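Multiple structures follow.
In the two complexes that follow, subunit A is the common piece, with subunit B as its partner first and subunit C second.
For the complex of A and B:
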């Protein structure tokens, strides 16, 4: 298995005969593109196809249009720089652009890796097939310097426009290079003017002028760090250009310089409204990479905390969404509930925000004895709180007027734009990873997946409100079934021994020492893993590439906000400023995971 | 001479009361909103935070007064006064009681019982929009400008239904004098049981008037001109210190005048059912003033209550409500009242 992955970067075609490939999609690709498909590997239930870059557009078109396959969603585009990967030869392509595809009809995933050499650092853009690739490709360009031919707007997205390096390349130091060396002295000007030379003729008999309004990053409705440039005709939005990256923290680069357990603390800071989901999602990816079976009690606790996080996250969404539309009181009602959730997190993890509760292979420690009562107390009073907010909003004439038919996105568009979570379900696509690609103990629990109809702001509101009730159901069931037992795997090479044993036992002392020693404890074999999870905002997953050391070789975070937010300009065009604020609330962008 | 002195004293008292009330309405707003939102509200300065308004006032006076370089200075400086003064002037024709015997003189509890009281109020209250528009424009800031534009469109639109809603009342009262309007409500009954308040006589007018004053005072759900989450602070985004406080006070002074007007025009002013309106003993006169104050306070509470309950309209929705619903409704009311009066002649 380790060898397979190491070979994956080599250019010779795989030696396996096509009939040995179990995955139908991979088999079809091998049949149709015998010259381009270089290697197919099936490990840990994930299929990876390595291919040449030249016909990547044809490959993705085939995968999307072939009815048997219909990989209609391009879930993520990222890249890996293989320079220092074990087994990498200087004459083999340096980069792999990684496409993560999902098929809604077949409920299947496929990973494509297209090889790109350093000298010809370009690859055809796939935005014409999957529009949702737009920002992800920009990010790859920003971070690796791989140019995408035919991309509509290939600018840097997270780094400043006049930044001169490519930070995720292996030769860029984690400490950075100093501002003077990386920022070009000349100012690129207003957003680098992405649409220069593209000024369309305006048919306006009145000859009225348009106003450009800069909204954010310091603006009450952008909650800190989003920036929108709105071109307005009166109050109507003619064009909207989001500018992101104000909270870029280099989390992916940090992943390559923290040991696997250290990185848990970094994940706290991504979606700071539901840090536990990040902890858990991250741990699951590494656990798959290491083939660890987490004990059942840990899984149940993770599930309960996951749903509590969803409630906490949705509470902030609901409060700020209502606040942005003018209903201040809702904000305080929901924050009271969030406070109760946070009290539980504090009780369990010792921290309210920086929870860092999971370890690779389980949890840091078991929940306190009164966990059950505390959570039951919470779920007992919670429905009344939801009910109260619903009475204030759901049938409120003003609320309906402000949200109905605002920011509409059709089911087809939502998939094409790579949306997930409540955004996708609001448009009527019944896709919930908890059901479709189950993780934790969701298969054992009974719950419904609410789906909207119109894909407008109001439907997304209804979907999330119903999710709150379902979360409560899940928590109640999981508490009932919560088994006894350990919360960590029994593997002494993975988990630190109890402190008391370390002080008095020779064995434990050695294990303790080895787990913490570089390159001895937590060292997954060569390979890669990605576990999709249904976080409160949508598909959250960590694509981890291991080079056999204690540090990840590549840490890619597929964050829901980043993908959901890119369709925003399309959703607000033609609407008014007030609607832009309402839609922004319903997208629920979390800057921490948006900019990472 | 006596008349001038009497008026001056009344003006001084009324102005003092209003300014103090403004301060305490702000406190009430914070306390009521806290109550609505499961919070405590201000409780550090004095018992129940009662001294909070003093601290706030002091803070506003001591804050640095920033005048940005890019503003049109003359207009920028006039705007806060242009909004506060009309807000205070409106109260001049509102009867806050009947009559009171003071040192042998019978004093009418109204600053000026002008014959054109209602017209005067409409005229003065429309002046308030100038402060908003000028402030927004002179600030030379896009958000402020949009706030100013929104405010002018909104206030002018609702001015119409506001004025029209009163016509029904005036047709019955046959006078523009507010004291006449109150006296009329203090006599007789509606349907034999209810007091002859115009809320029962003219329910449509009352509804239209109340909605319109919400829009006129820029209170939620009509607070688009300053909509914090959209326009940051709208027309007063560039104002600081006491100038900001003047915008702030103007809003509350407006609310007080509006509440007093609702009480006066539609809820019988100082009239309390069961109390002989012609009896002008000292105790009863004081009681009437108190009744008026309680009614006004109630409507102030309604203003606050609504603000902390509902979300905000969108610009075009406000316009639609004003022009497509309230205006026709007000016209219909005029028509119905006219028909009724003609048939009952």
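For the complex of A and C:
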């Protein structure tokens, strides 16, 4: 290392001597790939390695296979278009493909950024190392036009197949180029037969024909917007191809055109079963970017609301999952509990569903005085409601027959497919971000992480049911410990002053004006941040890149539904059609979060 | 029973139009085209606390061929619009459409490349329910507006015109 840095000083005397790399993974990469690793930075507790694209496969293989590193999960693949980034030169590569890695054994994260030029807009695909990169790479292709060499199925994933542009490139306008004003007469994404042109493999002596069945997007069990193309042998699924993107809304593009506080409103609508989790997860990323310390009371309130959201989210999952399998009663019971959660959200935030409660640096306002009583009332009656549903389902013969050994996925596969949340824990992997990479005030609270054994639909059901009880425990403890104090940081450059002060104080008026003025208030320094959180469905995180203005330069959402859903074909192949519905319910795909 | 007892041997007179309208408005079968947040509130409207059955509209049908009220609730992307159009075309007449929420009505907060800025550009809409998302009470109000609209129609005249 010392020799290398000496050389660097000799060849480029203007540059500072490279600092000692603290992160062992980054150090190992620098040792093994001295030509490819271009830059290592360690800021805000996150390590980023910028590298050349040519040997990206070797780099990821090393990171995965080297025992002391073992980055076994590729948590996310995204990209950034640096065209208009401050300091970007025309001759430097336009795109960076961003890999976000996690090591289960070492509980460590690492971010890799591989440079891709506009002229040679390709990069080797890493799907042979991490299966879970498949959809994420397709999305990068769809949004940026970067091709992945060796990808098994490189098609557009979110936009219709006949779409011509790459929406997340900086030169594509946020309102589009008129595509939304006409109906595409024949959208091949909807009408095309994905098997056309493929050769049929005939190994059936009876010569029975296989049937291609289109399920969705408008089907009661596909929750509105999912579409599956199933190839059937009788009633047995031989092949399943999910088609997503029917609810693609442009969340990530909008993130670049809203100020940091405005964007809170937009995050509500991403996972509409637990909007508060989105608000909080987003705010945490920007707060890390700005090095803000949120007051403790705000953290506790956020934790309570986070767990209430988990309950509300699991209630919809449970109701619709049971409804799809044919147990309608459960739906009515769980929606009653959800209404009770709504009452609390409405009391606190003013809205049932689109809460927009957090601000960067805290909460919009404090909770009302009777918050404690109302929440305690809710948690007091809640266990009985869970038990009632459990009595209906857990030992119900039909329920067990429909869910046991259905949609099995092993622990290894679940990690390789980049699953998280209850999907991963159902397969027996004890990974809960609340424990492993704690956020909010979870280290101060006592709770258990339930894990399954078999990785089937039934185990995932049991895991989520136990999580409901644990959430209730967390809420009770957090209410007991809820401290007094402010709910926003004291920094007048970040937080809007109280309305009353603005009317009567000159200083407050100036602060108010400056916070709202473009480029004065919330302006993080150049850089990037990602905070992983354990949302009801799994790992939710916002990867925010700042260019020093009041708007994010890039807003990437790592959503659990998108990653969990891509292993679905593997889970249903060989099962009956009706099992496909049972498995779909257990994945709990939220279309808003899936398609963003 | 109650009604016959108070009427006795008397007769009620009304127009055929009113009779048909009353029958139609009292048993609408909704086709819920729910895609996003609004769909969750629509589910809340259909479940226990708000109970659409009070208006005779609890028989939710996911087949467009069996329904006469299309509730578009949620964002409609350019990839979804051909699907929605097809479903609307598959519904038999007479049919009505509720555009529930800001996104279906105008694109809402999502002024982006992928979102249709109001489904009324491509299919006719009878009632717009504002809100993001509308509360269940709002949807019920919109539903009652559809009922009022149906009550004002002249179905026999339409048949006569079409017949002529």
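In the analysis below, the second predicted complex is superposed on the first by the 557 of 596 C-alpha atoms of A that agree within 3 Å, B and C clash if a C-alpha of one lies under 4 Å from a C-alpha of the other, contacts with A are read in each partner's own complex, and residues count from 1 in each chain.
Definition applied: a residue touches a chain if its C-beta (ideal position, glycine included) is under 8 Å from a C-beta of that chain, and two chains touch if they have at least 3 such contacts.
As the structure is a computational prediction, the values presented were derived from the model and not from experiment.
Trainee: Using the overlay on subunit A, decide if subunit B and subunit C clash or can fit next to each other.
Mentor: fit
Trainee: From the CA centre of subunit A, what is the angle out to the CA centres of subunit B and subunit C, nearest 10°?
Mentor: 40
Trainee: Let me test your reading of the model: by the given contact rule, A:332 touches which partner, first (subunit B), second (subunit C), both or neither?
Mentor: Once the two structures are laid over each other on A, A:332 reaches both partners.
Trainee: By the touch definition at the top of the document, which applies to A:398: first (subunit B), second (subunit C), both, or neither?
Mentor: Touch status of A:398: first partner only.
Trainee: Does subunit A have more residues touched by subunit B or by subunit C?
Mentor: C
Trainee: Determine, under the contact definition given at the top, whether A:109 touches first (subunit B), second (subunit C), both, or neither.
Mentor: neither
Trainee: Please indicate which partner A:159 is in contact with in the superposed arrangement: first for subunit B, second for subunit C, both, or neither.
Mentor: second
Trainee: Between subunit B and subunit C, whom does A:235 touch in the aligned arrangement: first, second, both, or neither?
Mentor: In the superposed model, A:235 contacts subunit B only, not subunit C.
Trainee: Have a look at where A:324 lands relative to subunit B and subunit C in the superposition and call it first, second, both or neither.
Mentor: first
Trainee: Should A:169 be classified as contacting the first partner (subunit B), the second (subunit C), both, or neither?
Mentor: After superposing on A, A:169 lies clear of both subunit B and subunit C.
Trainee: Does subunit B (first) or subunit C (second) touch A:297, or do both, or does neither?
Mentor: Once the two structures are laid over each other on A, A:297 reaches no partner at all.
Trainee: On the A-aligned overlay, A:576 touches which partner chain: subunit B = first, subunit C = second, or both, or neither?
Mentor: Only subunit B is touched by A:576; subunit C is not.
Trainee: Report the closest approach of subunit B and subunit C over their C-alpha atoms in the superposed model, as a whole number of Å.
Mentor: Superposed model gives a least subunit B-subunit C C-alpha distance of 5 Å.
Trainee: What residues on subunit A does subunit C touch that subunit B touches too?
Mentor: The answer is residues 219-220, 332, 336 of subunit A.
Trainee: Within their complex, state which residues of subunit A touch subunit C.
Mentor: 159-160, 163, 167, 172-177, 179-181, 183-184, 187, 189-190, 217-220, 224-225, 245-250, 253-254, 265-266, 268-269, 272-273, 316, 331-332, 335-336, 338-339, 342, 352-354, 591-592, 595
Trainee: Considering only the defined contacts, which subunit C positions touch subunit A in the complex?
Mentor: 33-37, 39-41, 43-44, 47-49, 62, 74-75, 77-83, 85, 87, 109-117, 121-122, 132-133, 135
Trainee: In the complex, go through subunit A and note every residue touching subunit B.
Mentor: Residues of subunit A touching subunit B: 211, 213, 219-221, 235, 322-329, 332-333, 336, 392-393, 396, 398-399, 401-402, 576-579, 581.
Trainee: Within the complex, which stretch of subunit B touches subunit A?
Mentor: Its residues touching subunit A are 33, 36-39, 142-143, 146, 220-221, 223-224, 227-232, 308-317.
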